[in-house]
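One chain, chain A, links the two complexes that follow: it is found with chain B in the first and with chain C in the second.
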Partner chain A sequence: MLTSLILLLVLMILGAIVALESKDLLSGIISLGIIGFALTVIFIVLQAPDLAIVQIIVETLTLVILIAAVLKTTRKDTSEKTDTVKIILWITGLVCVIVFMLAAVKALQYLPEFGSAESLRMAKVYIDQGLALTGASNLVAAVILDFRGYDTLGEATVLFTSVVGIIAVLRTVGRKQS
Partner chain B sequence: MIVYVLAILLFLIGLYGIVVKRNLIKIVISLMIMEYAINLFFALIGYREGGAAPIHTEELGDNMVLFVDPLPQALVLTAIVIGLGTTALLVSFAVRIYEKYDTFDVRKIRKLRG
Partner chain C sequence: MKGMTLIVKQISQLMVPSIFLLGIYVILHGHLTPGGGFAGGILIAGCFVLLVLAYGSDEVKSEVRKWRASFSESLGIFMFWFLAVLGLVQGSYFFYNIIAKINPGHPGQLFSAGIIPLCNMAIGIEVAGALFAIFITLAVLKAGEKL
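Moving on, here comes the complex of A and B:
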C-alpha cells in the first residue's frame, strides 16, 4: 500500500519534470495526463472513489481542451534560450523553492503521522451523525450537499463565471476586424 | 511522512515552472501541477490506516470507526471541478493572446495594441 503510493508519486514527479522540460508542447500536455491519471489511481488507493470518478472526467476534459488549444496554435516551444535574464529567473525560482521548502519543513513537524486517526477529529461529527442527520449513505455527498451546501453554491458560481469569461474572451461576433 | 514530502516536492516542481518558464502553455501546466499536488496532499491527510471509503453499506453495518475522513474529500471534490473552470479560462486567454501576437512567449507580449 505505502510502496505503491510512493511508486505512483515518483511517477507523478517524473511526469511533471518531463511535462515542464519537453520542447514539444503536445508531448508536455500528454505528460501532464500521466500526472492526472496517476492521481486518479492514488485516489482509488486512498479509498476516495468519488474523487477518482470526478478526477478522471475532469482530467480527460482538461487534456481535450489543452490539446485543442495547442493544435489550433503552435506545438513548438521557442522560448527556451539561455541568457542573463534566464539566469536571474533561475535564481528567483531557486529562492522561491527554498523559502517554500523551509516553511514546509516547519509545517511538517505539526502534521500527524501518515495514516493515523489523529487527523479525523475534524470530521468526527460528520462520520458519527452524518447518516442520521442527512440520510445520505455516502458521507462525501452528505458533506458537499448538506453540511457545506453553500460551498457547492459558490462552486457553481465560479464555474458559471469562468464559462462567461471564456465566451467573452473567445467570441468572434462583434470583434473588430484588423 | 515520506508521502507528504513527495507531494510537497511535486508542488515545488510546479512552483519552479511558474517562476522560470516563459511559455504561456507551460505556465498553465505548472499551475495544474500545483493544483494536483494540493489535492493529493488533502487526500493524503484524510487517509487513515485500514480505513474504508466513507460510504455506509449493508455489510459494514454500524462499524463507522473504520471510515477515512470525508471532509478533505468533499473539499477536494469542489477544488477539482473549480480547477477545470480556471484552467479552461486560462487556456482561452492563452489562445486569444496567440491570435493577437502569434507567440506564447511572455517576453514578446509587450506591445499594447487595441
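Moving on, here comes the complex of A and C:
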C-alpha cells in the first residue's frame, strides 16, 4: 500500500509542476485535475469512501467551471516577470520548502504510527460510542454534524463568504466603463 | 454562451433527471451511507451546470431565474444556523441534537439520528446554490447582467 501511495504522490507533484509551468492555461487546468483525481485514488486506497465521493465530484465540477471560465476569456498566460522578480521568487520558495521540511521532521515525531488511529483517545470514543450517542449509522456524518458541528458550520460559512466575495469582485452591474 | 449540438442536448436531457435524483438520494441518506450534504449538493449544482452548458445560457435563463442560486445559498446557511440554535431552546448547548432526544428512532432507518439529516439537507441546499452561483458568475454573465 505504501508503494502505491508514494507513486501517486509523485504523480501529484509532477502534475502540480506541469500546471505551474505550462504557458497554455487550458492544459494547466487539465494537469491540475491530475492532483484531484490522484487524491481520489489515494482516498480509495486508504478506505475512506466518504472523502472519495466528495473529492471526485468536487474535482469534476471545479474543472468544468474553470474550463468554462478559461474558454470564455483567454487561453494564453499573459503574466510577464522580470529576471529580478524570478530570482526573488526562487529564493523565497526554497526558503519556504526548507523551513517546512525542518518543521515537519520535528512535528511528525509526535504523531501516532501510520494507520493506527485507534491509539488516539478521541477517535476511540467516536468509534465505540458514536452510534449509541447520535443514532447515525454513518460514523462520518455523526462526527461532522454532531461531535464536530462547529467545524462544519465554519466550513459552510467559509463557502458562503467566498461566494459573496466572488460575486462582489466579479460583479458586472454598476461597473464604470473606462 | 451558446448551446451545443443536438446529440449533447438529447444525452443531457436523458442524464439530468437521474443525476438530480442521485443527488437527492445522497443528501437524504447521508446519515446512513457514504455521502452527505456536500456531495449531494455538488451533484445537484452539476446538473444545472450541465443544462446551461448543453442548451446555452440564453435558453435556460428564465428557468435559472426561478431557482435563484444566491437566494438558495443564503437559505441553506440560514437553515443550518437555525438548526444549530434550536439546541439552545431547551436551555442546552449550541448544536444540541434536540430531536434525537425527544424521538430517537431506530439506527439504520431513514427517520433517525435527529437533526443530522436536516443538517445534511441544509448543507446540500447551500452547496448547490454556492457552486452554481460561482459557475454563473465566472462563465456565463455578460457585462451589465444581474445574478
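Keep this in mind: the second predicted complex is superposed on the first by the 169 of 178 C-alpha atoms of A that agree within 3 Å, B and C clash if a C-alpha of one lies under 4 Å from a C-alpha of the other, contacts with A are read in each partner's own complex, and residues count from 1 in each chain.
Please note the rule applied: a residue touches a chain if its C-beta (ideal position, glycine included) is under 8 Å from a C-beta of that chain, and two chains touch if they have at least 3 such contacts.
Bear in mind the structure is a predicted one, so any value in this text is a computation, not a measurement.
By the document's definition of touching, both partners, chain B and chain C, reach A:170. Once the two complexes are laid over each other on the shared chain, residue contacts for A:88 go to neither chain B nor chain C.
After superposition on the shared chain, chain A has more residues touched by B, the comparison being chain B against chain C. In the superposition on chain A, A:13 makes contact with chain B only, not with chain C.
Once the two complexes are laid over each other on the shared chain, residue contacts for A:102 go to neither chain B nor chain C. Judged by the touch definition given at the top, the superposed model places A:50 against both chain B and chain C.
When the two structures are aligned on the shared chain, A:137 is found in touch with chain B and with chain C. Applying the stated contact rule after C-alpha superposition, one finds that A:69 touches each of chain B and chain C.
When the two complexes are overlaid on their common chain A, residue A:149 makes contact with chain C while staying clear of chain B.
Comparing the two interfaces of chain A, the one with chain B and the one with chain C have residues 49-50, 54, 58, 61, 65, 69, 72, 131, 137-138, 140, 142, 144, 152, 159, 162-163, 166, 170 in common. Listing the residues of chain C that touch chain A in their complex gives 1, 26, 30-36, 38-39, 42-43, 45-46, 49, 53, 70, 73-74, 76-77, 80-81, 84, 94-95, 97, 100, 104-105, 107-108, 112-116, 119-120, 123, 126-127, 130-131, 133-135, 137-147. In the complex of the two chains, the chain A residues touching chain C come out as 49-50, 53-54, 57-58, 60-61, 64-65, 68-69, 72, 131, 134-138, 140-142, 144-146, 149-150, 152-153, 156-157, 159-160, 162-163, 166-167, 170, 172-173, 175. Chain contact summary for the complex, chain B toward chain A: residues 1-17, 19-23, 25-26, 28-30, 32-33, 36, 39-40, 43-49, 51-57, 64, 67-71, 73-78, 80-89, 91-96, 98, 103-107. By the touch criterion given at the top, residues 2, 5-6, 9-10, 12-13, 16-17, 19-20, 25, 28-29, 32, 35-36, 39, 42-43, 46-51, 54-55, 58, 61-62, 65-66, 69-70, 72-74, 77-80, 85-86, 89-90, 92-93, 96-97, 100-101, 104, 108, 111, 113-117, 119-120, 122-123, 126-128, 130-131, 137-140, 142-144, 148, 151-152, 155, 158-159, 161-163, 165-166, 169-170 of chain A touch chain B in their complex.
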